[in-house]
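A, B and C label the chains in the order they appear, each numbered from 1.
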Amino acid sequence: MKQLIIPDMGKFIILVSIILLAGCLNTFSQLIAWQVPAEMVNKINPLSIEPKNVAMGRNIFSRSCVACHGAKADGQGLIKSASLIAKEFQKQADGTIFYKITTGRDKMPPFKATLKDDEIWAVINYLRVLINPSAIPPAKNVKLEISTGDEIKSVTAFVYSADSAKLPLQEVDVHFYVKRDFGLMSIGELSNYTGTDGKVKVIFPDNIIGDAEGYVSLLVKVENDFLYNNAESEVIRQWGEPMIMEDKYFNQRSLWGSRNKSPVWLLLLANGIIAAVWGAIFYVAYNLFRIKKAGKIFTK
Amino acid sequence: MKNSEKDSSRRKFILNFGSLGISSLLVSPIIIQSCRTNLKEVGSGDKEKLLNSNNELVEVDSAYISTLNKNLAKNHNSESRKGLPGKKFVLVVDLAKCKNARKCMDKCQAVHQLRPEQHHLNVLIMKDNDHTAPYFMPKHCQHCDNPPCVKVCPVDATFKRSDGIVLIDNERCIGCRFCIAACPYSARSFNWYEPRDSEKYKDIPYDIEKNVPQKKGTVTKCTFSADCLREGKLPYCVSSCPNGVYYFGNEYEDSVTNGTSGETVSLKILLSKNAGYRLMEDLGTAPSVYYLPPKDRALMPDIENSNS
Amino acid sequence: MNDLYRKEQQIEKEQFQEIVTTLTFPMNHISPYFKLWIGFLLSLIGTAAVMYVRQLRYGLGTTDMRDIASWGLYFSDFVFLIAVSLVGSLITAILRLSNIKWATPLTRISEIIAVTALLSALAIIVVDMGRPDRLWHIFIYGRLQSPIVWDIIVVITYLVISLLLLYLPLIPDIALLQKKMGHKPGWQQRMYKILSLGWQGTKDQFKILNFSLTVLMVLIIPMAFSIHTVTSWLFASTLRPGWDSTIFGPYFVAGAFMVGAASVIVTMYFIRMQYKFEEYITDEHFNMMGKLLVLTSLVYLYFNLNEFMVPAYKMKSGESANIRGLLVGDYALMFWLVQILGMIVPILLMVFKLFRKPKPLLVISVFIVIGAFFKRYLIVTPTLLHPFLPIQNYPASYHHYSPTWSECTIVIGSIAAIALLISLFIKLFPIIPIWETAHEKGISNETINNS
């Protein structure tokens, strides 16, 4: 029987091609399609593109997705990721994107546990609007006024149109914050919608610490709303608990204090011992002089 | 008799010479100083127009005007030793979210002129015992309230401020490395060689709060980015994390802000909801860094294939 | 009657002359071997100096110390030298105050070892500093809360007291040398003149001298205890496993007495052999020093048992890694060699009189001294290599410490410096106190003063 003789050159070519193939596969593995089950592809987005849910989608996107996908959703975040405004991405059905967000893959974490279904659909709507801004009508200017109640600490926001008509606006999402050192701490709900009178009230929570006298700075905003342009208003009230700066530990004498804050017992002990011992040393040194003097008296 | 005469003359000579020497030593600085001022008193003749604090236009001889050195250090030594008032800084590390991206380490090493083997911040793979699962743990200087390192420094080079931050003055440090031996968290690093790119940093004035430029033969460690904090910004590591691991804030105000999302929450509630704890609490060092346990961790470390 | 008295005087005078001739023999004869010896020592010190200049240029990175093992051979050498320097107080003060007369010829040997060891210790700790140009910071900015500041204060105080204890008994001998060393170069004669403080040997002068000596001897005992206790606190004040011990003070002091006694034995053997001092440093001296060494070694053995058996019993986390490393791990070979050959076997051998003869005792003492050096190293570095948190994201070399040639030559230079200073001292001053030896032999002050 004839044996299959592969010449050495042939073996070499086979080996190289295997390696090249493996390399190509490795490179393309990133671009290998993310398989989505058929029934998930066909899932329908229950939310139609409306300013309210698009705004919610934008809020959620800025909290959970901007870090990796970038503020413009172009993949240029703190790490490099997929561009969500690219044609290839936008070509996918809503259901496909929904599946990918909930399940996650590699560096993309699964959001099934952290976001509700409605919130994910809202984010998808926001992504659609990003490449098609005409889907949303141009935003109007609004004015924001704050009033506060003092028996029960509460903040009421009144939103009305900025034109001469001064119409109260309803269903406007208002955000309430307390100013903190490095950011804004939200109070009230994530979204607080104005009623028919254009007003919405939020109760100021307990246990918020203010400055040394208890003053807090409250910031109320209309932001990231597609129908309305941003507006904000600020007010300062003495509603916070006064800040207690327990720095008595810092001003006391301690073993870790700086050199002028060493403990009294240490100062007394160390200096006492040094004084006693060096006193004796100086006495002995003085004795050297006495020896010399005693010798002189003798010779004279 | 001859000897004693020689002795006394020798003694007189030493006395005279000695007192002349000492007095000249004492007097010479005064002489030199006075020479200097004399030069200044001779005006150059050129005058310049300046606006004084009473909004009047005056003419001053240009001999009395010296140009301000724009290259002044941002913070003078004594200013950096005082803490920012009304603040006690605290860092919260959410171990559940850490995925060993190491953006924090990269940013920190770049900003603080560190070599790749020097760490102000080290992300460790911890495995507490044989039966518990491993997790990633970023470890900073803990800025302890009972700091073992500050206690042992012989020259007051490392010190604790009223805002809780422990800093190192690298113009004071003598390089004895007692603080490195004393720290149980292995948080300190030493400049065994000339620091990285020391030529590039030659003319930059020394800033204690950033600890840049680094100096050969001194100790360096995490500063909680005190230079950023003075400007109201979050530390470098906190704002460069892509995974939401770090919260940083003010304990007095009971608020911490997440470096990734910007979300600000109450420190007490965050710690109580997530069972926050401190590292090696039983050593009594009272750290300012809190950890949230790695429940439902985002990424399980692969210990067999990790290179540590 | 007068004749008899004069004859007795004559005999005393001759006796004293003999003592003087023998004990000043080293000062009057410089053999070619001595010059070779000095040359050898200078070459070692020169190499060390060159290596130090290199270290100043490149930084402490020329050693193998890194962020994990941040203290290494230099610090071990420092602790070792501080330990050796305690011998001054042991022999001079403790034995003398207890009126133990056989130790008299050894007092100056032990004091010079103490002084030179302290000077070398101060030098090596400056070598270990990252910024020696800022040494003055300790004095201007020193924090009283820091154990290093305590150590500096105590070391300098102890050094001053040791220098005084070296100098004061030397005064009568220098006065004698003034008369006997007329053939020496001018600078040497002037030095003797200045240092002799016009000593005449009067009753008053002796009174002042003896009282000053008593004050110093009483003072130096607590100072000696505190110098090594405070040095031990450089470790015990930290939280690290292996250092976090309450008995570090007495542990170190016991070890110091042991290695100090051994180093005196080594030195006195070579001095006796080289200068033919068999009449003054007798076999009996070796016998007694051997017994002293057994005693101090037993005390040290007791502390060693406490230091290692107790943590090994508990195997507390943190401590367990360090103990395991020492007893059965990376450091086991060095640890057991040091303990067995450097402590246990010497104790067992020295119990027998045969091994307290000069030659065997020399060999045993050499083992003890070398063992003591490596024991100090085992205290300093293994603890640093077993930190609480895992060693990660460092180069592989950070996991262990092997000293570079640069470090070794500098440490050898520090020992050579001690040998050099002692050798030069022997050529300038009598290494065995003349007047005290004469007093022991019953020669009166009159004879000494009038010779």
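Methods note: a residue touches a chain if its C-beta (ideal position, glycine included) is under 8 Å from a C-beta of that chain, and two chains touch if they have at least 3 such contacts.
Because the structure is a prediction, the values reported are computed rather than measured.
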Fewest hops from chain A to chain B - one hop per pair of touching chains: 1
Core chain by centroid distance, with centroids computed from Cα atoms only: B
Contact-richer chain pair (by C-beta pairs counted) among A-C and B-C: B-C
Whole-Å gap between the CA centroids of chain A and chain B: 25
Chain centre separation in whole Å, for chain C relative to chain A (CA means): 62
Separation of mean Cα positions, chain C and chain B [Å, integer]: 40
Junction residues of chain A, two or more chains touched: 255-256, 258-259
Sequence positions of chain C contacting 2 or more other chains: 141-143, 145
Touching two or more other chains - residue numbers and ranges from chain B: 151, 156
Footprint of chain B on chain A - complex, ascending: 63-64, 67-68, 77-79, 107, 109, 113, 180-186, 207-209, 211-212, 243-247, 249-251, 255-256, 258-259
Chain C-touching residues of chain B, taken from the complex the two chains share: 117-119, 122-126, 139, 148, 151-157, 172-178, 180-182, 184-186, 188-194, 215-219, 280, 283, 285, 308
Touching residues (chain side chain B, partner chain A) in the complex: 81, 83, 86-88, 99, 101, 103, 145-147, 150-151, 156, 159-162, 232-234, 240-244, 248-250, 252-255, 257, 260-266, 268, 296, 298
Interface residues, chain C side, partner chain B - complex: 58-61, 65-68, 70-71, 128-132, 134-135, 137-138, 141-143, 145-149, 152, 234-235, 237-240, 384, 387-395, 398
Residues of chain A that touch chain C when the two form their complex: 255-259, 262-263, 266-267, 270, 274, 277-278, 280-281, 283-285, 287-288, 290-292, 294-296, 298-299
